[in-house]
Amino acid sequence: MHLLLDILSAMLLLSGAFFVFVGGFGVMRMPEFYTRMHAASLTDTGGAALILFGLMLQGGFTLIPLKLAAIFLFLFLTSPTASYALANAALLSGVKPACRNETGKAFPGEQPAKPKPKRKSASKAVKARKSAPVKPPAGKPAKRPAKKPTKKTARKKS
Amino acid sequence: MAVLGLYNYFVFAVLLMIGLYCLLARTNIIKSIIGLSMFQSAVFLLYISMDKVDGGTAPIIQEGVENQIFANPLPQVLILTAIVVGISTTALALAVAVRIREAYGTIEEDKIQEMDRKQ
Amino acid sequence: MMTIVFSLFLLTMLVIVAVAILRTENLFTAVMLSGIFSLIMAANFFVLDAADVALTEAVIGAGISTVLFLGALALTAEYDRSPPVGTWVPLLTSSALGGVIIFATFQAPRLGDPSAIVHQHVAPWYLEKTPELIDVPNVVTAVLASFRGYDTLGEVFVVFTACIGVMALLGRVRPRRDSIKEGEFKKATDNLRHHLIPRVVGKMLVPFIVLFGLYVQFHGDFGPGGGFQAGALVAAGVILYSLVEGGVRGRELVPEWFSSVLVALGAFTYTSVGVASMLMGGRFLDYSVLAHDPVHGQHLGILVIEAGVGMTVAGVMITIFHAFSRRGIR
Amino acid sequence: MTLYDQLPALVVAVLLFTAPIAYMLRMHGFPWAAATAAVVTSFIVACSLAATAIGGETIIYEMGGWPAPYGIVLHIDALSALMAMLITGASSAALIFGAKSLADEVGEETAPAFFAAWLLCTAGLVGMVITGDAFNIFVFMEISSLSTYVLISAGPDRRALISTYRYIVMGTVGATFYLIGVGFLYMVTGTLNTADLGARVGQVEDIRLVLVAAGFVSVGLAVKAAVFPLHSWMPNAYTFAPNAVTVFIAAASTKVSLYVLIRVDYAIFQNSIANHEVQLTLFLVPLGVMALFAGSLLAIYEKNLKRLLAYSSVSQIGYIALGIAMTSVAGLTGAIVHMFNHGLIKGGMFMAVACLALRYRTVNVANLAGAGKAMPWTMAAFVMGGLGLIGVPLTPGFISKWYLVLAALEKGWLGALLVAVILISSLLAVIYVWKVIEVAYFREPRANAVPVTEEAPMVMLIPTWIVVLTGIWFALDTSVSVGLASIAAKTLLGVAL
Amino acid sequence: MIFSESDTIYYALTIPLLGALGIALAGRWPNIRETVTLTTAVAVAIVVWSLIPTLQAGGRPELHFGEMLPGLEIAFKVEPLGMLFGALASGLWIVNSVYSIGYMRGNNEKNQTRFYICFAIAISAAIGVAFSANLLTLFIFYEVLTISTYPLVAHKGDEATVRSARVYMGILLGTSIGLFLPAMIWTYSVAGTLSFTPGGILEGKIAEPLVGILLLLFAFGIGKAALMPIHRWLPAAMVAPTPVSALLHAVAVVKAGVFTITKVFVYIFGIDFLFNQPSHRIIVWVACFTIVVSSFIALRQTNLKRLLAYSTIGQLSYVVLAASILKPLSEVGASMHMMAHAFGKITLFFAAGAIYVASKKTEITDMLGIGRRMPWTMAAFSIGALSMIGVPPTGGFISKWYILGGAIQDDNYLALATLVASTLLNAAYFLPFIFAAFLYKEDVKPVNEHGEAPWPMVAALTFTALLTFAFFIFHQPIADLEAQILVK
């Protein structure tokens, strides 16, 4: 019985680790924001859950699996919200997903991923921002109260 | 192999260097405050890397467990105090930064110095 | 052996994040990175068997300080900073500093070797005497609250001063802002429509965070925890609520006067425990005279001062956050 | 445990007890009253501590009942008693003096926070002075620095904010350096109690860490004490802080860091590092000499009166550094007595400047012309202070200069050079004091200047003159100040009393 | 007298201060203020002079005020030198106040109250210097004297006076703190005490070359003795009104300087110890150099007061020279010359003041024939001049006689040569002016037809002139009093 539990938790842990690895690798390989975010959320949900379950099996009948379950529940709730919030903010602040139509082909050929803006040195960036008139992006209230400093609202795109 | 044991102290030294450099080289007030808090948290690393004992655990004495090696509690107490000192200084510095922004209109130290010199 | 591998990995990550903070020119990224910096630091502390410190660093370093930085950033609305000033002098001074330390630490005791002087002199006394004199499982809380209680008293007053400082600086809000007119109120809350999901999940999490804070407060004697961490956690909960619900609603939940009273009351409790032990014939902050039996006295003393510390830290963090957020409504 | 045994803890407990009360009860004028009451009580307790300490015995008070190396212990000897008396005395004088001038500089709304911060600053400084635990010094140093930042930022001028910011950065860097030094000391000895550190640091074989610890601690404290090259935060902080705050921090705050430097150098490093005197001399003498000349020269060419006095404080701190560097009984007595006397002199002078500022609405030397006739009593107090800076007899400055020159003469030819340096810099002091006197007494007020006719209000003038007269008293009867200082010097150097 | 000696010293010090307070209170009523000044002056004189009989009987009244530093206390002990200087200061204060009332009224100067207050404080400081028992108390009152005379020098308050008052203050404060203080502390660290003891306290406690350095530190440290490089403050102080110059030159300030130097030689070094130290020759050289050079400069001066200033520098170095010859006769000669020079110089200054008040003239060249207009003043002036030169009927002769006697005893030919040469130079710069004043016709019309100066000034003038004669006749009791210094 004990051996069976060990094998099972080892398998779970291994698969969890594999998920995390794939997620990390995905973040590296994916060309633009949304796909990259999809890969990152993979590690959050899948990988974490599998590893937690693996550990729970190791824990036996003490208090530890209960605590691990609580952590899982917490992660289960917060990580999708985090990914949603990230995507929402990106969309609101105007990051356009690269592929417009459904067919995969269009992805690499038809409209190359927008070249990553060459890193202008800070002073030119500051000058550019000062010269470009600050026009409120359409559809959003003009003056967002600055007090809600969560990740998405604070990023202002010139 | 011995040098690996001192790796904590080297990182402590490097973090101090980065913190101080950020403090001295950057003129933006918020950036300097971040540098300051990094400078302070490097010291936490120095104290806590002193308290580790091989094979020891956190100094919580359960009833049942016998001859368990514990980590040294004293640096942990000192660092609990130091963290709170760090956050208090940062909070005060940020409040001053906000007031400076309202009074001077900018948080770049060099621009502020020019304004003072003209005044 | 395992700890060395973990700490190697974590410390290198730490240095990388620090360099990233230094080099990034966008303040918002720098603040986010400093949050990650504290989180890695907390993980590092945990690897070095400092559970209490890890919890504190996580809550205060990653949680509260990032929120304060963002609050300040929102008010100063500076996203970028000017090009670096001459880099020779700072480079020279900081590398000299680093060189001196590295030169000195070659003689420092290796990480974790039990024969270091630090583990011979004062520490064994604490580990040996705590069960007997104070009978509290968590030795760190015992040392923090009782053996070096005077330090923690100083500590509470450092936090108290920070709160006073922020109130003195940002307390004076120009009157026309505070009277929130009806239109203004609606505008202040309606923009949450776009963030329905985080609003719902956030509101759902707040009670659990506060509950966890209280657990840490009263569980401080047995497991890692204590006044500082508990106060910060409760404050984190309240801050999350006012982030999600908007500053006005947040100030209705925990009104301004209440958090200031909380701050003053916490510090006052701590000192009055010290004075009480003086009145009862013991030394300042000597809890053993508080009850008939010294150990009970210690328990009572630690419980009360931990409550005091918790109140003060919670009050301070909430007051400072409200001071920053109330300042923002132009 | 009679009340008498509890005194060491009371001197700080009273202040810490009243701080939250002063913050909570916000009725009109209550915070100021609570603060003054607490500080005056603490002053009385400090005087009684000094009474016991003058007998030569050291009071050890175990906090929380725990024995020495394990718990925190208060260690009050002649030096700490003298410093506690100076701090609480300066604080109560500044508070009583500042009632009126603070009323219009610090609004009604921030008064509770301001006076609570004042109480905490005094508590922090006194806590640093009486504690016997190295880390505890750091904690109370943080309390006093944070509250000093708050007090300075309350200044009316917008430049108070930027000077507070610079003080925060340098103060925190200094405090962190001190913390690193204590960390290294803890690493090699395993304890934090200063007496225990002194005993155990001797047996440390790898001396490198102790040297680096000494370096860090000294540099950190030098930043906090505004010793010359690291003083850039001080002039602006003194100039733009509210006047009553300048009176207090000028008289007390920088001296406490020098106290800690003495305590750390003589109690801990003296008996561990072999030739620590040579290192101390090599470190402090050049700094002291630079401070003497740079401070006075900067003061001579300064237009703003408060910054002029701040630069003169930089040079006076150079005297104290020289005294410490001489590592002899007379030298140390001179340093300690000058800490006390300079507190008195500068306190009185800044009070006079505050009276001038109240009436003339400016502290620029040029438009204080004719102040000698318009405000005779205030200018007389300022002149008495100026003579004290020069070191004319019948002023406290003379006593400290007497001991410093006496100590320098014991050092042979290097000493003769030091004597020359000390005296040339006091002649520089003549120049910048006389510059102000000539403007005040012999120049007619400018036509467009606001005509000032009446003297400063009685409530401000009386404390000023009380401080000046105490100064003259300590110039004539030095049994208390020099008595305590020589006992302290002897105990620190291990010479029989 | 009715109260004991130590009380007398206490009263001698406090009466001038009470007087100053009285003057301050009576500021607005000039007549009352003047009477208060006079009564205080007279009272102080009586109190101080009452000590003379006890001194002549060999008694040394003492007053211990309290311990200022461990091992050092503020204490007073009257000995013959101090008695002489104290009596001189208090006595001449009366004359000076009479004179200054006339001068102030005649010239209607502004803020006279400040003048009288500082005057009273200066006198109290001078008496303090005279009666101090150790170098520390002397240093304290020496500094008080400097600071209280600053407002007097800067009396007019215009740009020129303030600048020269700055020179006055700079040099005096600079030398006293820069040189006198280290010398004093050096003596204390070597000898262990600072109290004046007959026969000196440095006997065998200090090696040969250091004695010279310490001696120079003292000589140049005591700026008031106006030895050559540090003499510039005296001509600079000429901007002050004449009663102040009289005070500076004749009554208090310079006398305090020279008095301190003599006391340091006699009571700190000790005559015999210093005599057989070869390095004491330096002081003789410095003194001679000062005498000769100052007389040469005096020759070229046209402004009357500057001429008198340079002649004072010369006369002071006489006293220093006499003290540094270290022979009993010359020590007595030093104290006698202090007295003689005081009477002579005060007369000269009063005359200069009277001429200024009456005819507003300051340059000698346009004072031809003034003798006819102001016979009394010019007569007194010539008596004073004769006393400076040392012609027999005046007091100057007596003191020069003693100094020459001392020089011959020690067969110090350098001193002899300078004395003779300087007497000739004195004659060279005084006599032509006197002849011109009496014999030549008036070529520069004075601003208004004037006769003599106001009567109080003339009365003071003639009184001091008579004093020089009285000193010539009754010098013996003073000589005996001073001789007590030398008996061990």
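Letters A, B, C, D and E mark the chains in the order given here, with residues in each chain numbered from 1 onward.
Assume a contact is a pair of C-beta atoms (placed from the backbone, for glycine too) under 8 Å apart; a residue touches a chain by one contact, two chains touch by 3 or more.
These numbers come from a predicted model, not from an experiment.
Take chain D out of the picture and the remaining chains divide, by touching, into A, B, C | E. Chain centres computed from CA atoms place E at the largest separation from chain A. With centres defined by CA atoms alone, the chain at the far end from chain C is E. By number of C-beta pairs in contact, B-C leads over the other of B-C and A-C. Between the CA-based centres of chain C and chain E the separation comes to 75 Å, rounded to the whole angstrom.
A separation of 44 Å divides the Cα centre of chain D from that of chain E. If each chain is reduced to the centroid of its CA atoms, chain A and chain E end up 96 Å from each other. Averaged C-alpha coordinates put the centre of chain B at 28 Å from the centre of chain D. Within chain C, the positions touching two or more other chains are listed as 71, 73, 75, 81-82, 101, 105-106, 108-109, 116, 118-119, 122-123, 126, 148, 151, 154-155, 158, 161-162, 165, 169. Counting partner chains per residue, chain B has residues 16, 20, 23, 50, 74-75, 78, 81, 85, 88-89, 92, 96-97, 99 touching two or more of them.
The list of touching chain pairs reads A-C, B-C, B-D, C-D, D-E.
Those residues of chain B that touch chain C in the shared complex are 2, 4-28, 30-31, 33-35, 37-38, 41, 44-45, 48-54, 56-62, 69-81, 83-85, 87-92, 94-99, 101, 106-108, 110-111. Per the touch definition, chain D reaches chain C in the complex via residues 1, 6, 9, 13, 16-17, 19-21, 23-24, 61-66, 69-72, 107, 109-110, 113-114, 116-117, 120, 123, 127, 131, 133, 135-136, 139-140, 142-143, 146-147, 149-150, 153-154, 180, 184, 186-192, 200, 206, 208-209, 211-212, 215.
The touching residues of chain C, when paired with chain A in their complex, are 25, 28, 32, 67, 70-71, 73-75, 77, 79-83, 187-188, 191, 194-195, 197-198, 201, 204-205, 208, 243, 246-247, 325, 328-330. Residue ranges of chain C in contact with chain D, taken from their complex: 100-101, 103-109, 116-123, 125-126, 129, 146-151, 153-155, 157-158, 160-162, 164-165, 167-169, 171-172, 260-261, 263-265, 267-268, 271-272, 274-275, 278, 281-288. Partner chain B is touched in their complex by these residues of chain D: 135, 139, 142, 146, 149-150, 153, 158-159, 161-162, 164-165, 168-169, 172-173, 176, 179-180, 183, 186-187, 192.
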